[in-house]
Every structure is written in C-alpha cells, then in structure tokens.
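Consider the two complexes below, in which chain A is the common component and chain B and chain C are the respective partners.
Coming up: the complex of A and B.
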C-alpha cells in the first residue's frame, strides 16, 4: 500500500511539474517618483526580473537597486549612498502570490485584475503588502502592471530633518513587466 | 560711488557668479563615463559569475559599483534605438551588460558587428547578481 502511495505521489508530482507553466521577465520596468515643490526624484530601472507561475500564482520580482538610473548624476549618487545604502542592501524584491490567479485565463486574451499579496523587501526591511494590479493577456503574451505608494519611513530609509521639505516620504512605484513563457533549453 | 563699496560689489558679484556656477555644476555633473575609467578588475564573464554564485555578499563587496571589464562569448544581443543588452558566457549564469542610448548611438557600427558566438570585452558598472540574468553590468561600453 505504501508503495502505491509513493508511486502515485511521484506520478502526481511529475504531472504537476509538467503542466506548471512558468513565465519569466528580464527587462521589467520599475519607475519610482517622489515629487515636492523643490525636488523631483525620478528613477527608472529597466532590468527588473520576475518569475510568475501561472498555475500556483507564485510571483517573484527582483531588481538591483543600483540599476535605478536618474537624469541627475548627483541624485543617483545620493540615492545609492545616503538613502538606499545599495552597497549594504544591493537588492529589492517581492516574494508572494497572485491570490486570485484562478480567475486569470492565460489562454484567453483579456485584462484581468489581480490581487498581489506577499512580502516586499526594500533597504533590508521586509513588510507584508497587499496591492492591486493587472495582467493583460494578448496573443500568448503576458504583461503585468501594478502601481503602489510606499512610505520611506516604513522601510527605515532615513531622510535628514533639513531635507524633509525636499524629499517626500511617499514614493510612487509603478511596474510594467512583460513576460515570456519559460522554456528550458 | 565709494571706492570700497565698488570693490565690495565687484568681489561679491564675482563670488556669487562662481558660487552659482559651482551649484549648477554639482547638480548637473555628468554621469559616470566607463569609457574613460580604468577598470578596477579585469576578468572573464564566467569568473565573475562564479565569484558571485559562490558567495553573493563577498561578490558585492569585491565588485559592487566598481568598473569591471569582462570578456566572454556573446550568447544574446539585443539592440534598439533606446538601449542595448549583451549577454556574455551563459544566458542565466553569465553576465548581462546594458548600454545607455548615447553609447548605442555613438557606436552603432560596432554594435552591428557583434553577433551571437563572437568573443568580446565589455566594461561596465557592477550592480549585483540577478536571479535570472546573472551578474548585472550597467552603463557599459564596448572595449576594443
């Protein structure tokens, strides 16, 4: 009997991994914007990576903090050294799920609202988040977008008192991730 | 006008102009130019990836934010009007080098010559290890 259970378990695992479809994104765009009357911080990272499992809804997004590029060199230097401390915390990532993945039909073109739930790590601090997003399926291609606001203080990014009028604690993050079906070579 | 007041105004005016120029320069100083920078470390794409995969923290300390020059075989190249990406050594366990639009525009002919399978050298700022793309270099330049 034990043997039967083990064999059926193995068969189930083999089948589920056979049908599990993973989508990957390598050139994901993540844009951060913080605006005050005195200073606009406008950074773009177009090398974010992501893996999406269309069966389980598991979602991972990862980027290198130094990959954020700014129009001003000075701002980029301060962003990395004084605020994000990218030497100590080189990555930011999200690990979680699309909670309502069952409502997304990957075989049918359309726009599907998604609920993103999981842990966001920025500046070495991990917080639970629950945000809305959208998956657009078009001709077999998958594009995921989401917009959210985060508080710098919540992730222990310190703004000096004298800069508080220039740097808003509230930062708008927008993501645009274009996925391709992953095929092992 | 009082002679001293005149001198004071001239000195003040010159000082203010210089100060404003200084502030303007600091805010608009150019981005890091890897083409003019001597590489901190010269290595192979595989060697760079191996160092990071052995210990990412040590990899970041050794290479992070530095100008790294890597050589390797091109496994993927993507050039658009906006930017370019060259992957060296291996698609998932190699080095992904990204190039800014200005670099692509200035060296269009050189980018057109690069094909998958060719050996090439790239210098770029090391941003860290990515879960899919391997070691990431940004603001890259082609090394002749």
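Coming up: the complex of A and C.
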C-alpha cells in the first residue's frame, strides 16, 4: 500500500512538472533602431516567438533575422547581406530565465519588473546578458516587454571604418511579446 | 520491506530528478520550434545587381526602386600606351530601370552606337524559396526588349524604319546554390528585322551566368552565350564571353570586367559580338549602378 502511495506521489510530481503553466507567443514584435546624423536604421520584425514557463521562469525567444522589414529595400539588402549575414546566420535567439519569477503573481493583474538573465545569440555569437524587463498581467493575459541596447562589435557584426559615421555601434532593441496560455496538443 | 521501498524511492528520484532539471532550456526551445514552424522564405540577393555583366541577372527593381546605370566599353586592351590601352576609345550607354510592382520592371536605354534606343521589361514569374514544406528550387523571370537605331542614314540603316528594330525575348532561370555561389541559364530568342544577306534574322542562344562572392562586398562574375548564328558570314561573329568583378560600396555597384563584346544591348551582344579573344579582341568595360529609393514593404 505504502509502495502505491509513494509511486503515485512520484508520478504526480513528475506530471505536475510536465504540465507546468507555459505561455506562448507566436507573433511578437521586435524593433531595432540605430540612429546617426546621417542614417536612421529602423527595422521591425513581427514574427518573434517565445515560450515562458511561469513556474520555473524559463524563457526562450527566437526570430528569423530575415524577418526584419525596413522602409527601404536597399537598406534591407545591406542589413541582410553585408552586416547580419542572415543567409549564414538565419536566427537570433535567447535562452535563459526570469530570475525573479517568484515575485510575479500570474493570478493577479499588475505590472511586474523582471530581471532577464541568459544567453543571447546574434550573428552566430552567444553572449551572457542581464537585462531589465516588465511583465504585465491583465485578465489572464501576459505581455512581456523589454528595451535593451546591444553593441554590434560585441556580436562581431563588422562595420567598416568608412561607415562608422552612418551606422552606430549601439543598437536599441525593443521587444513586445504578447503571450497566451500554452495548450499542449 | 521498508528498506526495499526506500531503495525504490531513491532510484525513482535519481531517475526523475535529472529529467526535470534537463527539461529546461533545450526542451523549451525544442517545444518552441515544434509550435512555431519556420515559414517559407523567398531566396533573395542571388546576384548583386540586375546584370551579371552584359547579361540580365534574375535581380530586378522592387516596387518604386529606380536604378540608374552607366555602362562603358573601351578599346582593345593591346592598343598600347598611345591609346592608353584602349581607354581613349569608349562606347557608352546609360539606362533607367524602374520597378512598377514587385514583379514588373520596365527600363529605357540609350547607347551612342547607332544612337540606339531601347525599351525593356522584366517579369518576375517564380521565386526561389526555402524553409517551408514546399520550396521552389529556382527563380524564373522573363525579359523582353526591343531596340531602335535612330542614327541618320548609315551603311547599315536607310529610310525604312522597320529595318531599325531588333528584339530579344529571354527566360532567366536562376538558382542561388549557396550563400556565395549563384548560377543562371538564359534561353534566348533574338530577332533582327534587318540582317546582312548571309546572316540569319532569327537567332537562338543559350546563356550561362554565374557569381561567386569572394567577400561580402566583392564578387567574381562570368557569363557566356552560345548563339547559333552562322560561322560563314562575311562579318565574323563570336560567342560573347565576359569575366569580371562586382564591387558594392553601399550606394553604388561597380562592375569591372573584360569582355569580347563592345555591345551592351542584348540582341547585339548575343548576335553581333565581334571580338575574337584569340586575336586580342578583348575589351575592358565597366557598369556603374546606383539604386534610388523604393518601398519594399507596404506598411
């Protein structure tokens, strides 16, 4: 009898970790902006995807670099061909967690500041990052936002000397990911 | 009995605990990849500009984009320092090409040889794609051009305006094999209203053009056309062949090359190339392309 209780207890534990609350986002917005006196590079990607585990705080985000759309075709070509080399490095992703997930009450509406910690991969280069963000819980819906600056040189995106007055090393990334509850199929 | 259960608990914990630990990172990313399948993507940037060298490439102007091109061909390379190795003699041609939609480009050109005007259109029919379930292995475009010689009476052209027209119709079938290597073939039909008594008015040709990217801004390009014009004509014609570099500098694309053709309009490049590479019929030439504006993505 005792054996049955123990085993069913274990099975329950195992299951509960399998069915932890997950949230998914399939069409998140990521906006990149680099501004110099000579040139504004303003790209939008509205196909970022992400899963957030509300229990463990685990967070993954990914997007197709080619999905960034620019107002000008030539800008888009140069972004893909000369700088991001998106044919060779098609994806950018983040794997990590929300360190202070315990402070977020998914059952209660409100704004929760979050600490995002993990590995960001851009242009085939992976770097540890630690950034601030925000989770907004409203009526069971979860929206995650974050604004961060990244250095192109840090991800080995090479800007030639002669273009440095046009393309700033510092790029502002803004993320807006609207999650819904994940239903396992 | 009690001991036995304890042992089983320990084993169960050992088996289950690592599972839930490893279940984090990668399984979440795998789940994401499972849920959000990558979409089919158009393969773009197969060539650096709308020309391989003389031949049309699969590239086109997108909606609202305007390409201004200046093309020069110089004299024979072996002319020596007095002619500055051919640079003293130049034939030139400039053109404007505009994308009306993302699948239709129109262009006009003017060249100084025979004061040739021409109008062209390029239709993007099929685009190469990847990443989806059903992908297209190649891109196909159709290119059509007519030229009109507006020079006053010359040895070749007289009063009859009809004689002054010539046409090219061409399919461009291209594939970007790798990030660096692209190849295309060009089945071509050329019709000249006026041809010499021993020449054909209709000429079929098959072209091949390729590009190999050496660095992100520098590419090596080549092209060749096999044309079925007669080899027994009074004026000797040769198959056009060219080899050169594409250099992209942000706003401009420079194409610097060697070719055996002084012509720049398709029907003449293919049907009337006179440079014999075995007899120093090699010329230096360049194309400069500057692309303006254009909204690729409608908001």
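Here is the rule we go by: the second predicted complex is superposed on the first by the 169 of 185 C-alpha atoms of A that agree within 3 Å, B and C clash if a C-alpha of one lies under 4 Å from a C-alpha of the other, contacts with A are read in each partner's own complex, and residues count from 1 in each chain.
The working rule: a contact is a pair of C-beta atoms (placed from the backbone, for glycine too) under 8 Å apart; a residue touches a chain by one contact, two chains touch by 3 or more.
These numbers come from a predicted model, not from an experiment.
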Next on the checklist: Just checking: does A:31 make contact with chain B only, chain C only, both, or neither of them? Give me first, second, both or neither.
Outcome noted: neither
Next on the checklist: Just to be sure I read the superposition right, which of the two partners does A:178 touch: chain B = first, chain C = second, or both, or neither?
Outcome noted: neither
Item to check | Of chain C and chain B, partner touching more chain A residues | outcome: C
Next on the checklist: Quick one: is A:66 in contact with chain B, with chain C, with both, or with neither? Answer first, second, both or neither.
Outcome noted: both
Next on the checklist: Quick check on the superposed pair: does A:46 touch chain B, chain C, both, or neither? Answer first, second, both or neither.
Outcome noted: first
Checklist entry - Where does A:78 make contact in the superposed view: on chain B (first), on chain C (second), on both, or on neither? => result second
Next on the checklist: One more residue to check, A:95. First (chain B), second (chain C), both or neither?
Outcome noted: second
Checklist entry - Looking at the overlay, does A:87 come into contact with chain B only (first), chain C only (second), both, or neither? => result both
Checklist entry - Which chain A residues are contacted by chain C in one complex and by chain B in the other? => result 24, 26, 47, 49, 51, 60, 62, 64, 66, 69, 72-74, 76, 80, 87
Checklist entry - Which chain C residues qualify as touching chain A in the complex? => result 5, 8-9, 12-13, 16, 19-20, 23-25, 28-29, 31-33, 35-36, 38-39, 41, 44-45, 62, 65, 179, 216-217, 248, 250-251, 291, 293-297
Checklist entry - Okay, in this complex, where on chain A does chain C touch? => result 2-3, 6-7, 10, 13-14, 17-18, 22, 24, 26, 47, 49-51, 53, 56, 58, 60, 62, 64, 66, 69-74, 76-78, 80-82, 85, 87-88, 93, 95, 97, 163, 182
Next on the checklist: For a test of understanding, state which residues of chain A touch chain B in their complex under the given definition.
Outcome noted: 24, 26-27, 46-47, 49, 51, 60, 62-67, 69, 72-74, 76, 80, 86-87, 90-91, 185
Checklist entry - Inside the complex, what are the residues of chain B that reach chain A? => result 26-32, 60, 64-65, 83, 85, 91, 96, 98, 100, 125, 127-128, 130-133, 136, 138
